[in-house]
Amino acid sequence: MGNEIQDPGIGTQFKRPTKRVINRDGTYNVIKKGGQRGFRDIFKYMIEISWLRFFGLLFAGYIGMNLVFTIIYYLIGCENIVGIRPDGPPAFIQTFFFSVQTFTTVGYGTLSPTGFPTQSVATIEAFIGFLSFSLATGLAYGRFSRPNSKIIFSDHVLYSKYKDGHSIKIKLANERDNVLLEVTAKLILTMDKVLPNGEIEKHYFRLPLEIDHIELLPFTWTLVHKIDEESPFWGINKKEIYAANPEFLVLLKGFDETFSQHVHTKRSFITSDIKWNQQFSKIFAPNEDGVIEFDVKDINQIKPENDE
Amino acid sequence: MGNEIQDPGIGTQFKRPTKRVINRDGTYNVIKKGGQRGFRDIFKYMIEISWLRFFGLLFAGYIGMNLVFTIIYYLIGCENIVGIRPDGPPAFIQTFFFSVQTFTTVGYGTLSPTGFPTQSVATIEAFIGFLSFSLATGLAYGRFSRPNSKIIFSDHVLYSKYKDGHSIKIKLANERDNVLLEVTAKLILTMDKVLPNGEIEKHYFRLPLEIDHIELLPFTWTLVHKIDEESPFWGINKKEIYAANPEFLVLLKGFDETFSQHVHTKRSFITSDIKWNQQFSKIFAPNEDGVIEFDVKDINQIKPENDE
Amino acid sequence: MGNEIQDPGIGTQFKRPTKRVINRDGTYNVIKKGGQRGFRDIFKYMIEISWLRFFGLLFAGYIGMNLVFTIIYYLIGCENIVGIRPDGPPAFIQTFFFSVQTFTTVGYGTLSPTGFPTQSVATIEAFIGFLSFSLATGLAYGRFSRPNSKIIFSDHVLYSKYKDGHSIKIKLANERDNVLLEVTAKLILTMDKVLPNGEIEKHYFRLPLEIDHIELLPFTWTLVHKIDEESPFWGINKKEIYAANPEFLVLLKGFDETFSQHVHTKRSFITSDIKWNQQFSKIFAPNEDGVIEFDVKDINQIKPENDE
Amino acid sequence: MGNEIQDPGIGTQFKRPTKRVINRDGTYNVIKKGGQRGFRDIFKYMIEISWLRFFGLLFAGYIGMNLVFTIIYYLIGCENIVGIRPDGPPAFIQTFFFSVQTFTTVGYGTLSPTGFPTQSVATIEAFIGFLSFSLATGLAYGRFSRPNSKIIFSDHVLYSKYKDGHSIKIKLANERDNVLLEVTAKLILTMDKVLPNGEIEKHYFRLPLEIDHIELLPFTWTLVHKIDEESPFWGINKKEIYAANPEFLVLLKGFDETFSQHVHTKRSFITSDIKWNQQFSKIFAPNEDGVIEFDVKDINQIKPENDE
């Protein structure tokens, strides 16, 4: 077929049917083993989690680290911490507060170390507090500086009337306020062919879009693939489509003006995401002042075609 | 018409006339609802405001955060802060200073916490001071590292004589000292067509420029669109132009050598920004030493064409 | 020969045979003298070493810096440090702890400076502690923000059957979990020609690949150069190949979605890395749930061709 | 002439002869007035100066800021600083040390504020110390993260024999150890034409290079423009060349693998930089081990052509 392309990186021969290769949210649905883990994976994790979890983990680390040092000071002997009061909370608790005052470099001085072992441990703890600070700052900035444009896609792929035939439609919008420029979309389709020996041969198609590049994305953008003679959907019926286990992959890239960064997003749709003979509702319109207004949550508004 | 292009992302059918879609300063004139807000929007806000406001907000946050902790310490009981002097300012004020000394980790020690509850709160406050520091550093660097090239545009679009016909001219310059390289400009025109049913159909045109790419931008750059047979302005008069509610959109991109970043700028002009039969004055010239000199504020110097 | 290209930057005439120009790991095998060294080379070093070594060096610097200040305070006179206890560790040790408390800004106050000289040195030490903190934070973030995709390559270049002829094959995979998009590969071959005067003339070839661009790299990618009439390997035998001292250079670039950065990797293979008449084993396959699974360490699994 | 191009952004008509438009080091030789200055210009300045000057300025700012606060505390009254000793250095000096202990958050506690006014100023000072820290960290990282590849160019442009004719040659190398990939060079020539009215008309030429793109830059690269029939140097003599006041502009771009950044460099040469009938010496060669060796400082080694 005309639009068939080479393997875009996924593979072509499989011994049995595969689940979707790209999850709905664009991550890979693959179990990769043997990869090297490192400190940077922690970084990756720490910048991808939510702010709540991020602060929570930092706080847990802070308490945990202080507990470790408290135990060390306690084992050396609390008598080496000047200022622990017999009439105060238990010595372990007071030692914990001494540790906090050292780690954060508050150092009121009402609790202070004495003797070589305790002073040495305090020297190390202050250094670790110092380092933790640097690392937390690096993490905070790492979180801040990731591009924060967030493209949302319609939940469904529509099979819709278009001009004098049919089309495949997917809708998207930028959920955030930052400005995306020079946005380019690619729509790739995977279809399985079952070989006589039961193995699966994946075929890939680049589905041409009516518009595949826009300069600006202020509102929404509907990707439209017209089903013409070149299209893999030309002349096949619903049943044949389902049999081919199709997976649609949208690859989007643009330039985030706010952070001067190139951003890429991907999104995958499978058979159960297809809606037949539906159209997306138009969700943006000028209000009374002539200013265009819309609600990004309306991106999923669709209507049956006979309603038109 | 020859230069007509596909929708660059704005839409083509509207129920009524729209106001400008791009504001003068390049931001979108759109009311977007339902978008998700998050911590990163605070970041975006904090890096886009002026330095004065930035420092002001940080200071307000610092005072506010300390007030919150002061209230907590006060409710627990000021007797748990060792060193509050009966002959000093009111206990609340002294508690506030204790809070400051904890938050900033100064910790002179003349004021210090005692008892489990107060010490625990101080443990949390020192942690929050610690985090605030990290976040403020992230914000400061985020502000620093944004590209600081600032393109200024002429206030007007000129309709000027050019060669043996006419042209549309827009002037621009880099207001800052940093170096922009490989600067590329696109000029897009929107014109409305009123349909019989009163709806508006927007048409888009890419206006070809005499020069649309320069290697360097040391001085000023005048974008010139020659009105030839292919141009949407060919053979139509002023009244027809006004009726079409034209909006000019300049999209500029370049590479900021100082920060090794790609930068994009956009600017919109509407009907009221058009000046007829005017020319931009030449504003840069070699001085007595042969060094070229100009004042970026002169970018708006224009003169009627019969003066020439 | 058809695929011969211009010098890609390495040079063409050498007085004697050269060792590989690109090391196995992609670094240059060259001795460059006279280059300017600077503070930034320290940065480069500090962000490229392992985390263990990084923390170790920071700790060594911390101890070293404190020793320097301890000596200065000691020379000025320990009597200028209030709080040194005659019944404690030696004065030098106590002075060291005072230095630590100043450098880290812990400042318990049980040790404090007095007199102009000691206070002045403490003023400088606190400033240097302050700066060290800034630099350490910069280094930590510099380490975090480097792209952490890590491409691993097969240890060998295979000479394998392919379609109705032969091919050169190299396999690669992304060892980490982050997502690489739009990956492009170039395969360049260097071959030496010995001139009558004993000098070496290097010839360069761009070896066309069956697929040289993939959209996604979820699993592995095998680069395949088909040996056709245009190929420099067409019609020459093993002995002639070894005589030409071939060096294969793979240049890979892609976009790391996690960090929104373009990344480049290179890898070099020499004669001893060639394996004749072998094939790479297929190492990824759907598991029982249909999810594709593989172990990146299996990238070197090869098998003789007659096994097939 | 065949290679003439449009104005690359410099202008074409000048009332009198101009000095070089691009300085030797690539900066613009232009006096720009009226540009807006801001906090970010300080940032730009602080990241471009040498490390010595950078640390010096930070230290000066540290001392200066503390002096300002010392004066404020002094005016409020030193009796509000607990711990100033009558037998110590003058009160102003002791107040300065108190300020330092507050600004850096060391806070030993031997000096501490009392009373509302002094405590309030200390609250502000600790905040400013806090902020200074953030800004210094931002600056330090800004300095670290700038691409540190440094291209050095030969001091001269050579007019050299090349193949069966002549050429213009410029040599360059990467002075640092970091790896530049995909390096592309453009060579632009400006020549003046004096109009009958004494005004200057600048003409621009793109001088095609024998090789204008290299994949790697491990050693040196000699840019070669062959003077053929299309070249503006074809058939004109030395005197005519000098009369045209030529300026050569080299624009180089590449990808710095170490920092994953695109980098651009430019360099300008004028009449006095031309050397006639000279060749660059070959400065890199394999040493006894076959490893290629060179000294970047040898980039200016040239020899008269009759020596060959």
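Per-chain numbering from 1; labels A, B, C and D assigned in written order.
What we mean here is this: a residue touches a chain if its C-beta (ideal position, glycine included) is under 8 Å from a C-beta of that chain, and two chains touch if they have at least 3 such contacts.
Note that this is a predicted model, so its numbers are computed, not measured.
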| item | value |
| --- | --- |
| Homomeric contact chain A-chain C: same or different residue positions, threshold half | different |
| Same-interface partner of A-B, chosen from the options A-C, A-D or B-C, over half of the pairs matching | A-C |
| Cα superposition angle of chain A on its copy chain B, in degrees to the nearest 5 | 90 |
| Chain whose mean Cα position lies farthest from chain B | C |
| Distance from chain D to chain B - Cα centre to Cα centre, in angstrom | 27 |
| Sites on chain C at which at least two other chains make contact | 101, 105-109, 133, 137, 139, 141, 145, 262 |
| List of chain B residues in touch with chain C within their complex | 105, 107-109, 137 |
| Touching residues (chain side chain B, partner chain A) in the complex | 6-11, 13-19, 21-22, 27-36, 38-41, 43-44, 48, 82, 101-102, 105-109, 111-116, 119, 122-123, 126-127, 129-131, 133-135, 137-139, 141-142, 145-147, 186, 188, 249, 251, 261-264, 266 |
| Partner chain D, residues of chain B touching it in the complex | 51, 55, 58-59, 62, 66, 85, 88-89, 93, 97, 100-101, 104-110, 133, 136-137, 139-141, 143-145, 148, 150, 175-179, 181-183, 211, 214-219, 221, 255, 257-260, 262, 282, 284-287, 289-298 |
